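First the structure, in the form of structure tokens, and then the observations on it.
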Amino acid sequence: MIIEQFFEDYVLGSERRSFGRTITETDFVVHAGHTGDFFPHHMDADWCATQEIGQRIAHGTLVFSIGIGLTATVINPRAMSYGYDRLRFIRPVHIGDTITTITRIADKRDHPKRTAQGVVTETVDIRNQREETVLACEHLYLVDRRSAAA
Amino acid sequence: MIIEQFFEDYVLGSERRSFGRTITETDFVVHAGHTGDFFPHHMDADWCATQEIGQRIAHGTLVFSIGIGLTATVINPRAMSYGYDRLRFIRPVHIGDTITTITRIADKRDHPKRTAQGVVTETVDIRNQREETVLACEHLYLVDRRSAAA
Amino acid sequence: MIIEQFFEDYVLGSERRSFGRTITETDFVVHAGHTGDFFPHHMDADWCATQEIGQRIAHGTLVFSIGIGLTATVINPRAMSYGYDRLRFIRPVHIGDTITTITRIADKRDHPKRTAQGVVTETVDIRNQREETVLACEHLYLVDRRSAAA
Amino acid sequence: MIIEQFFEDYVLGSERRSFGRTITETDFVVHAGHTGDFFPHHMDADWCATQEIGQRIAHGTLVFSIGIGLTATVINPRAMSYGYDRLRFIRPVHIGDTITTITRIADKRDHPKRTAQGVVTETVDIRNQREETVLACEHLYLVDRRSAAA
Amino acid sequence: MIIEQFFEDYVLGSERRSFGRTITETDFVVHAGHTGDFFPHHMDADWCATQEIGQRIAHGTLVFSIGIGLTATVINPRAMSYGYDRLRFIRPVHIGDTITTITRIADKRDHPKRTAQGVVTETVDIRNQREETVLACEHLYLVDRRSAAA
Amino acid sequence: MIIEQFFEDYVLGSERRSFGRTITETDFVVHAGHTGDFFPHHMDADWCATQEIGQRIAHGTLVFSIGIGLTATVINPRAMSYGYDRLRFIRPVHIGDTITTITRIADKRDHPKRTAQGVVTETVDIRNQREETVLACEHLYLVDRRSAAA
């Protein structure tokens, strides 16, 4: 779905909640195969059982990629993602956990150089089935100003 | 391979360069299927041809996941990744581009609370075949101090 | 996204158009691997070049699955898909073709037995980048009546 | 394997039974990734547990694609699949169910326009491990007549 | 398909030829992800272009696995594969090559210990589209004797 | 990682042990899809339960490919793999087993024709979590002699 939103249209504090998705053993195997990271923390159930972590844990990039992917439902042709700040792995994600992503418009500010665009910061809060945050970050968008587009 | 390295062992300015990996159309399709992000920017060659971008561009999370995956060759049991700062998408990655990741120990500092560990910051510079940076970020590690382990 | 719609809410003739998606060689290989159908019509470029078809053609089930998948953007908790009628493969789909799905509410009728639900027929028209229909079918839904839900 | 069969060779009532195949969680994840349909009915075990369905159910297109794929063992160069009729989802398929496909030549008739070919209808009955039908449909083939090929 | 064949039924010199299958870039990426072997010989097109090999070459295990997979069309419940001898990589396989597998019953001999079974050796000759052998090996089967089964 | 080793550098009896990797149901499904071998021994849990094998067993080519893949951590630009001898499937691998590969330099000999290279034989011993060998083979390398490179 396409919903055009200018910088002026973003409402501080507005939230969206994604569908949930159960992280499966398949996702672990696919992510290892996609990235080439086969570290035993993610792939060797027997070794993990002997460690403090107890069981396989999801790659950080897996939780990030799927968590962000859950929010990819609406295209705003006026916004461009240009990066992330303060990405933190808060809790491990295990096989069978179900994650959901809550995004919230947290900040709007002028761009230091570009007058036709503003910067919107969206906080990303990826939670498990117990509503515990597993990964948090800030998503940065460059968004056209309606005033400039006129 | 396992190489144990304490906080004291990290040398500021030391660099590692990964193997290269060509980003294929397959990686685009796998990443869309893995994350659920099928936005036309990544998946619709015809539509892209009518846009300023001209051709399909890789998902930001794809470049990040594969770029970080390229560095997953040595396990340091004394270090734990806990997040990333200042992740920026600098240039688009297209089908057929070859990326390589250069990491560099950029900072070592005390942890505000934990005395048994220090914080190591590694800059991550993902480059294409023209040695242009396509994605940059800072990788944060919590690393055991040898002094504390003694 | 969840949008609740009762039988009474469906408007005859209303249409939706999906995003486009380029069908890649990867999709051919994934579909063969998913279904176990490795017939040379889909998998052997050399043999196809000697045949009337000239090049590899997509599995019918591939075009159907991806074409229907393109429409999976909005959940209506009041509707349940129960089947398809008159599914026809109209034109071949080749590697590199871009498909888009147009759905249209074509019919609403009483269910022969259930008074609390009605039957909605949606025509599905999967087109290539030349706006030619490659696959057509009718999708059948059982939809709750608002009157019965009251 | 290639077995040439003309329209005249099809025997009404003849049946074939495929091998069985266990539908795994992997197949669910692969199908979601292949089609882009990540609806929680297929992907969110926690949410399903709160619903009447109780657990994740296979996509209709998954059961259809794999069920038809199970029959792809013999190529008849004289027959061309051109569509399906009366495709119905009879029972849900869950992770761990094993499906098998039984096909049966149900009808042979003249083509309304083409004299060199006839229409063969094969009923497709996809069953689970309890021999319950989970999906039924009619597969339509256009088959060369031997008389015309002479 | 199931075809029961006893040791006595194998005919020296009898041959089978598989369908062909075009080896795609997707197969390279899937195989790397399946096995964890991301060596630049298979994955870095730019580096390969600077080497004597000139372009990416298929993993040996890819050619072997797919070449053997092409022969998996008939199950003989009386035979059990127990190994391979003299597996040799004769020529490189590149993206776009089409491989076909020719198997030939080359030897039948007594098992040194088991009187109820014999050993059948099948030569496996995997060829590209120019009918050049790319991989050769001998496949060893343990096969029930009809005399013993009586 | 790249470590240059000439024929003279290989030390008879030296061993390497890979990380472990748990073989998952996903790996079974991916391997079937990659190779086209959907035999019920690997894919039909219900049928296997009625057989002597009791449960699904991994494809021989799966164990071989992943077992060899586990060793792909160091590139020696002076060595070229040219084949395998005496590949034997010793024990079945089931879903949930964890495999590890131990390689050992077992033999060094002159090449019958090439004086600039020698032949190194590395035994490959793929073990499960009980340290039982599941697959054994000999890996053959052609390795440059330092004397010839001088």
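Each chain gets a letter, A, B, C, D, E and F, in the order it is written, and its residues are counted from 1.
Keep in mind that, in the parts below, a contact is a pair of C-beta atoms (placed from the backbone, for glycine too) under 8 Å apart; a residue touches a chain by one contact, two chains touch by 3 or more.
In this text the structure is predicted, and so the values were computed from the model without any measurement.
K.L.:
So chain D and chain F: same face meeting same face, with over half the numbers shared, or different?
P.N.:
Because under half of the interface numbers appear in both copies, chain F and chain D meet with different residues.
K.L.:
Name the chain whose C-alpha centroid is farthest from the C-alpha centroid of chain D.
P.N.:
B
K.L.:
Upon optimal superposition of chain A on chain C over Cα atoms, what rotation angle is obtained, reported to the nearest 5 degrees?
P.N.:
My answer is 180 degrees for the C-alpha fit.
K.L.:
Which of these, E-F, B-F or B-C, makes the same contacts as A-B in over half of the contact pairs?
P.N.:
Of the listed pairs E-F, B-F or B-C, the one copying the A-B interface is E-F.
K.L.:
For chain C and chain D, what's the span in angstrom between their mean Cα positions?
P.N.:
Comparing mean C-alpha positions, chain D is 16 Å from chain C.
K.L.:
What's the distance between the Cα centroids of chain A and chain D, rounded to whole Å?
P.N.:
Taking the mean C-alpha position of each chain, the two centres sit 38 Å apart.
K.L.:
If you average the CA atoms of chain B and of chain D, how many Å lie between those two points?
P.N.:
Taking the average C-alpha coordinate of chain B and of chain D, the gap between them is 44 Å.
K.L.:
With centres defined as the mean C-alpha position, give me the chain A-chain F separation in Å.
P.N.:
38
K.L.:
Among the residues of chain B, pick out those that touch two or more other chains and give their numbers.
P.N.:
Expected reply: 21, 25-27, 30, 33-34, 36, 38-40.
K.L.:
Are the chains arranged, by touching, as a line, ring, star, complete graph, or other?
P.N.:
Topology of touching chains reads as complete, every chain touching all others.
K.L.:
Name, in rising order, each residue of chain E that touches chain D in their complex.
P.N.:
These residues of chain E touch chain D: 1, 73.
K.L.:
Spell out the residues on chain F that touch chain A in their complex, using ranges where they run on.
P.N.:
By the definition above, chain F touches chain A via 19-22, 24-27, 30, 96, 98, 129.
K.L.:
Within their complex, state which residues of chain E touch chain F.
P.N.:
21, 27, 30-31, 34-40, 59-62, 64-66, 68-70, 72, 75, 81-89
K.L.:
Where on chain A does chain F make contact in their complex?
P.N.:
For chain A paired with chain F, touching residues are 25-26, 29-30, 33, 38-40, 43-47, 56.
K.L.:
Taking the touch rule as given, give the residues of chain E at its contact with chain A in the complex, in rising order.
P.N.:
30, 32-34, 36, 38
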